[in-house]
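Chain lettering (A, B, C and D) follows the sequence in which the chains are written, and residue indices restart at 1 in each chain.
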Amino acid sequence: MSGLSISRRGLLAGVSAIGASAALSACGAKTGSDTSSGSGATADTSGSTVKVGLLNSLSGTMAISEVTVHNALLLAVKEINAAGGVLGKKLKPISQDGASDWPTFAEKAEALIKNDEVVATFGCWTSASRKAVKPVFERYKSLLFYPVQYEGLEQSPYIFYIGATTNQQIVPALDYLKKQGLTKLYLVGSDYVFPRTANKIIKAYAKANGMEVLGEDYAPLGSTEFSTITNKVKDSGADAVFNTLNGDSNVAFFKEYKSAGLTAKKMPVLSVSIAEEEVKSIGTQYLQDQLTAWNYYQTTPGAANETFVKAYQAAYGAGKPTSDPMEAAYISVYLWKAMVEKAGSFDVAKVRAAADGIVLDAPEGKVTVDGATQHVYKTARIGKVGSDGLITEVWNSGKPVKPDPYLKGYSWASGL
Amino acid sequence: MSGEGLTIRDLRVTFDGFTAVDGVNLDIQPGDLRFLIGPNGAGKTTLVDAVTGLVKAGGSVRFGDEELLGRPVHRIARLGIGRTFQTATVFEQLTVLQNLDIAAGAGRGPMTMLRRRKGIPEPVANALQTTGLTDLRDRAAGVLAHGQKQWLEIGMLLVQDVKLLLLDEPVAGMSHEEREATGELLRRISAERTVVVIEHDMDFMRSFARSVSVLHAGKVLSEGTVAEVQADPRVQEVYLGRASEPEPELAPESEPQPEPSAPAAATAAEEA
Amino acid sequence: MTVILNQSFTGISIGAVLLLIALGLTLTFGQMGVINMAHGEFIMAGAYTTYVLQKSISSAGVSLLVALPVAFLVAGAMGALLEWLLIRRLYTRPLDTLLVTWGVSLMLQQLARDVFGAPNVQTHAPDLLTGNISLGGGITLANNRLFILGLALLCVLGLTLILRLTPLGRRVRAVVQNRDLAEVSGIATERVDRTTFFIGSGLAGVAGVALTLVGPIGPTMGTNYIVDAFLVVVVGGIGQLKGSVITAFVLGVLQSVLEYSTTVSVAKVAVLVAIVAFLQWRPQGLYTLRTRSLA
Amino acid sequence: MTTSTTSPAKKVSVAQPPVSPLERFRVPAAFLAGAVLLLGIAPLVLSDFRLNLLAKYLCYAIVAVGVSLAWGRGGLLVLGQGVFFGLGGYAMAMHLKLADAADTGQALPDFMQLYGTSDALPWWWKPFANPAFALAMTVVLPMAVAALLGFLVFRRRVKGAYFAILSQALAAALSIWLIGQQATTGGTNGLTDIQGFFGYSLNDPVNQRMVYLIIVVVLLLLMAAARQLFVSRYGELLVAVRDCEERVRFLGYNPANVKLIAYVVAAGMAGLAGALFVPAVGIISPALIGIVPSIGFVIGAAVGGRASLVGAVLGAIAVAWAQSTLSDAFPAAWTYAQGLLFIVAVGFLPGGLASLPTVVRNRRTTTARSGEAA
């Protein structure tokens, strides 16, 4: 934060009416010189309340998933306020709609930081929206808590990654398949960054572990025609399908899969983007006994989860399922609260410094913040879809897995 | 007398098996004022469509030394062949002056095109004068009366400086005085250009035609001066011998359904 | 060989879906020239009709069969309403119709979201339609696809009969070929327009019922199909049912063959390029009504 | 159908009164007022954040200038402007990513290091390291694509509806293709995290303001250029082609070329807008290219008044503003309002809001006249 550009700002009024390009050369920081604006987060913490930003898609194609996360965030804020707030201050949630559009996410992130002066922001779902807002949070040195499992390979000082990184979801899922003797895989995914990165990891893992990847197909996001891909899968003779499809495509894929005569018994599908909410919209008719990989299920045992599910259903309706991203969103607010209280301040630098080692008895089990990577230790859980639409755990990693977003601890991943 | 002649040999146009023009031969000399007459469906408008490149045709159509068949519409127009339509077709959103200025400008270079029109080009002023539209020049063409639109169309052909004018029922719907004035105008124009008129109005034809071709069922039935044609028994049979067909004078402009030559119809059909 | 046969069937079944979603458009777009972007939402209405009916009729098979006519009526009524409220005012402005109905489509999507919720809903397919028929040698035909194929062909047959044989069909064709003449001949063109739109939109509803067997049911499901459906009619040629039928199956097979040998993205892009190239060759589509002055 | 010319009942009112001297100065005066407002006043009264938002809206406004030309005047419903916006944006973003990488001593842009399949820069990225080439491409690339598509489509007289549907298909195809090439285009993420703009850090608000000023200047220049096209002989010809293409053909013009020019110019403007969008917002992604954003580009112009330059520009700004302001507070209601806006503006007010004064005036003065005027 240098005063260099601030002193020059006075120039602006004078030059603004003059030809812009000429003026450009007269002032402004050059790239490379570390003068990131001098306008870090200017959160206002003087009053009896502090604002927190909730940045989710409330409209557009992603609203389906993100509204549930938004609900979980609001629930956590409400609970925290009821229990006295954070450092004696009540939280005032400010919701902004990312509208399923990445540039809009960037715009809204800026609005939250600059206009609403929030102390921290919670939200984003897709990798693309996270990538879009990342420079904004870095520019203004403000914090984002990201609640969704993602493709790893990222470590921004201003983002806390509360969802699983690849070694807490993809790698354990592969370990599980290997253990079951399902070594010939077919990879089906939506065409975006998470499936492509996940599949890269899967292929490297397979190579090192004597497994075989027989085919790899991507469908454009929102694609609903899967007959050809299903034919390819069927003809491949694979033991199992590793499914990284997203959203609507899953519905079409599983309907096709079933009518092609493929079942969980013949060729199980392990999905990493199907949680309880999605099971409901696809239908157990098509999904029964198929596998999923997450860190949390509605059925995960423990008092913390019982409380969470009860509170959520009391707030949003008895039949409403809870899912992994919702749980991660919910605990992200509590984790932030714990960091602030440990730091004794809302100051971003102090909060970050206090983060390491924060432990929470979460609905998904014990989670611990890893200060170095700003990820959390999470337990990997493989689940099976039951006839009631709920997912029950069939295997877990036994203990929380240390986050390793760049897979540095895995020798087979060195070439990635 | 100047201009070039139109030579048509064995012209054929078929639509899905229906032959609209069936081996027509025509020779129109420079400076002629030729009338094409014939009952409905005789192929008059289709013949003009073929000459101006609107429909595909077999045979040969030569204007001077140039073969016209197979050329795109705008290339034929640039050779100096202009036409009007049964339904007067002008640019309704533009003013009379703008209509004429556009008609005058097919050969303009890019720099002229990109500049605003300053003043009134001389040919445009002359055409305004000739067609009597000078006072209406800043009015939108869409609000002109029917007859005025047809005059505007003729004016557009004048500024276009065409050598051959093909007019499709230019006096339909005009009052007697207007017909006379139009006829005089055509006569004057034909001093320097070749004019072909499709017409149903026999009085009008008798007054102004220099030569006449009668079309029937896609073929030339008779050709010659007004008197010769009128004396031809085959022509009388075609016009009078069919009970269903009323006396042509009595049914000038209510030509029913087929022959939708107007571009508006073409556009609508294509867009449908 | 097995691959080829299986892929051919896949292509035909993709074609059947395309045909079903485009069939209504051959009337509203092909015959009437209306670019109705809300057509996709009529498909959605058909799908939600199935969902609602299934809540009251527990048997999946019965509810599906009941849904077919009900969805036809529901979507048809929506279409007739749309025609009466908006489209009839816009017949001379086809491009503006596109944008206006896009607005309608946005509103209908939001309506579905408010009524049924933003997430997809599920319907239960009858067990009979979730299996497949094995012809031996690894060749299998999925029952739901066979059902859709049959339904599509049935709709084509029905539509052809209506257009060819009934007085209504004659009036529809008369209005398409020459509105003014039809009007002076004593045909109530406005009523014919509305009826045509009713049938076209109703067919979208039927397509929606069929799509519950293969795809997601949600507020935005219509947008997945709308451009493809229009392309089928554009390539097939205006006013000609057979053009759309052939096009749907050709595009379906093309898509499935390309998808099998390359990737879905490449196949999609390649099909679109092929369509643009085809329209270079035949700008009026595969079949077209030839009229004079219109080569 | 045909009535006699001499019939007294057929007296017509003057549709276009001759331009009065007052009218003559109205346009430059309005232009000047707009310039003062955007260049002088807005930067003083708006916060960094709001000014940045305005910069984004003005990028949409630049697209609207081209839409007004091609659609308003030329009658070409350009439903694929997202394609050209995207091409311009990607051309610019590719250069800026390469410059960022060079600043930090990297051979490859960050996303390629993460998701790429090769250690070498793809050949088609290489020329974009040259700023002049990249800048030229932001305009040349969209114009070339438009010229090719326009040539194919207009030459074969593919008409309005087909053209609109093909444009949409093109938009869909390009966005699918970009998404599929993640290793070299960033896939769905697009190109993000852009740090510098020709050597100036975009993290510095001063430079952000300069980007805003550049955008304003470009917008004003393009509006002036479009205005010149509108009043030129070409502008008159374009209207003639819109109203009756066949007739123009018989006058010896090739309407395909007339339309092509409007289409290509509009594409160039959209490309420039996309290029300026990148430093203003810091991202370009396939989400800005598909069918929905392409319709969005047209809607602003439709609401404001497609045939009116100022109307189209203000419409684009207003719709973008409403979108970002109202969608937070009332996501559902906003969607309804948006749909209703399309319906009312396009269906019942084809001249857009710009025509509202005229419509009201006409209604007041002549209640008897049939509402034929379009």
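Methods note: a contact is a pair of C-beta atoms (placed from the backbone, for glycine too) under 8 Å apart; a residue touches a chain by one contact, two chains touch by 3 or more.
These numbers come from a predicted model, not from an experiment.
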Remotest chain, chain A as reference, centres from CA atoms: B
Pair joined by more contacting C-beta pairs (A-C or A-D): A-D
Length of the line joining the C-alpha centres of chain A and chain D, rounded to whole Å: 35
Distance between the centres, which are taken as Cα means, of chain B and chain A, whole angstrom: 72
Separation of chain B from chain D, taking each centre as the mean of its C-alpha atoms, in whole Å: 42
Shared interface positions of chain D, touching two or more other chains: 157, 160-161, 176, 179-180, 332, 335
Chain A, residues touching no fewer than two other chains: 63, 191, 218, 220
Sequence positions of chain C contacting 2 or more other chains: 33, 94, 113, 263, 265, 268
Footprint of chain D on chain C - complex, ascending: 29, 33, 35, 86, 89-90, 93-96, 98-100, 102-107, 109-110, 113-114, 227, 230-231, 234, 263, 265-266, 268-269, 272-273, 275-276, 279-280, 283
Parts of chain C lying in touch with chain A, wherever the complex brings them together: 2-3, 6-7, 10, 13-14, 17, 113, 118-125, 129-132, 134, 140, 142-145, 213-218, 220-221, 224, 255-256, 259-260, 263-265, 268
Residues of chain D that touch chain B when the two form their complex: 1-7, 10, 12-18, 157, 159-161, 228-229, 231-234, 236-237, 239-240, 242-255, 374
Complex contact set, residues of chain B against chain D: 52, 54, 72-74, 77-78, 82-83, 85, 89-95, 98-99, 101-103, 105-108, 112-117, 138-140, 142-148, 156, 160, 172-175, 177-178, 253, 263-264, 266-267, 270-271
Footprint of chain A on chain D - complex, ascending: 36, 39-40, 43-44, 47-49, 52-53, 56, 99-100, 103-104, 114-115, 176, 179-180, 182, 187-190, 192-196, 199-201, 203-207, 209-210, 213-214, 216-217, 281-283, 285, 287-288, 324, 327-328, 331-332, 334-335
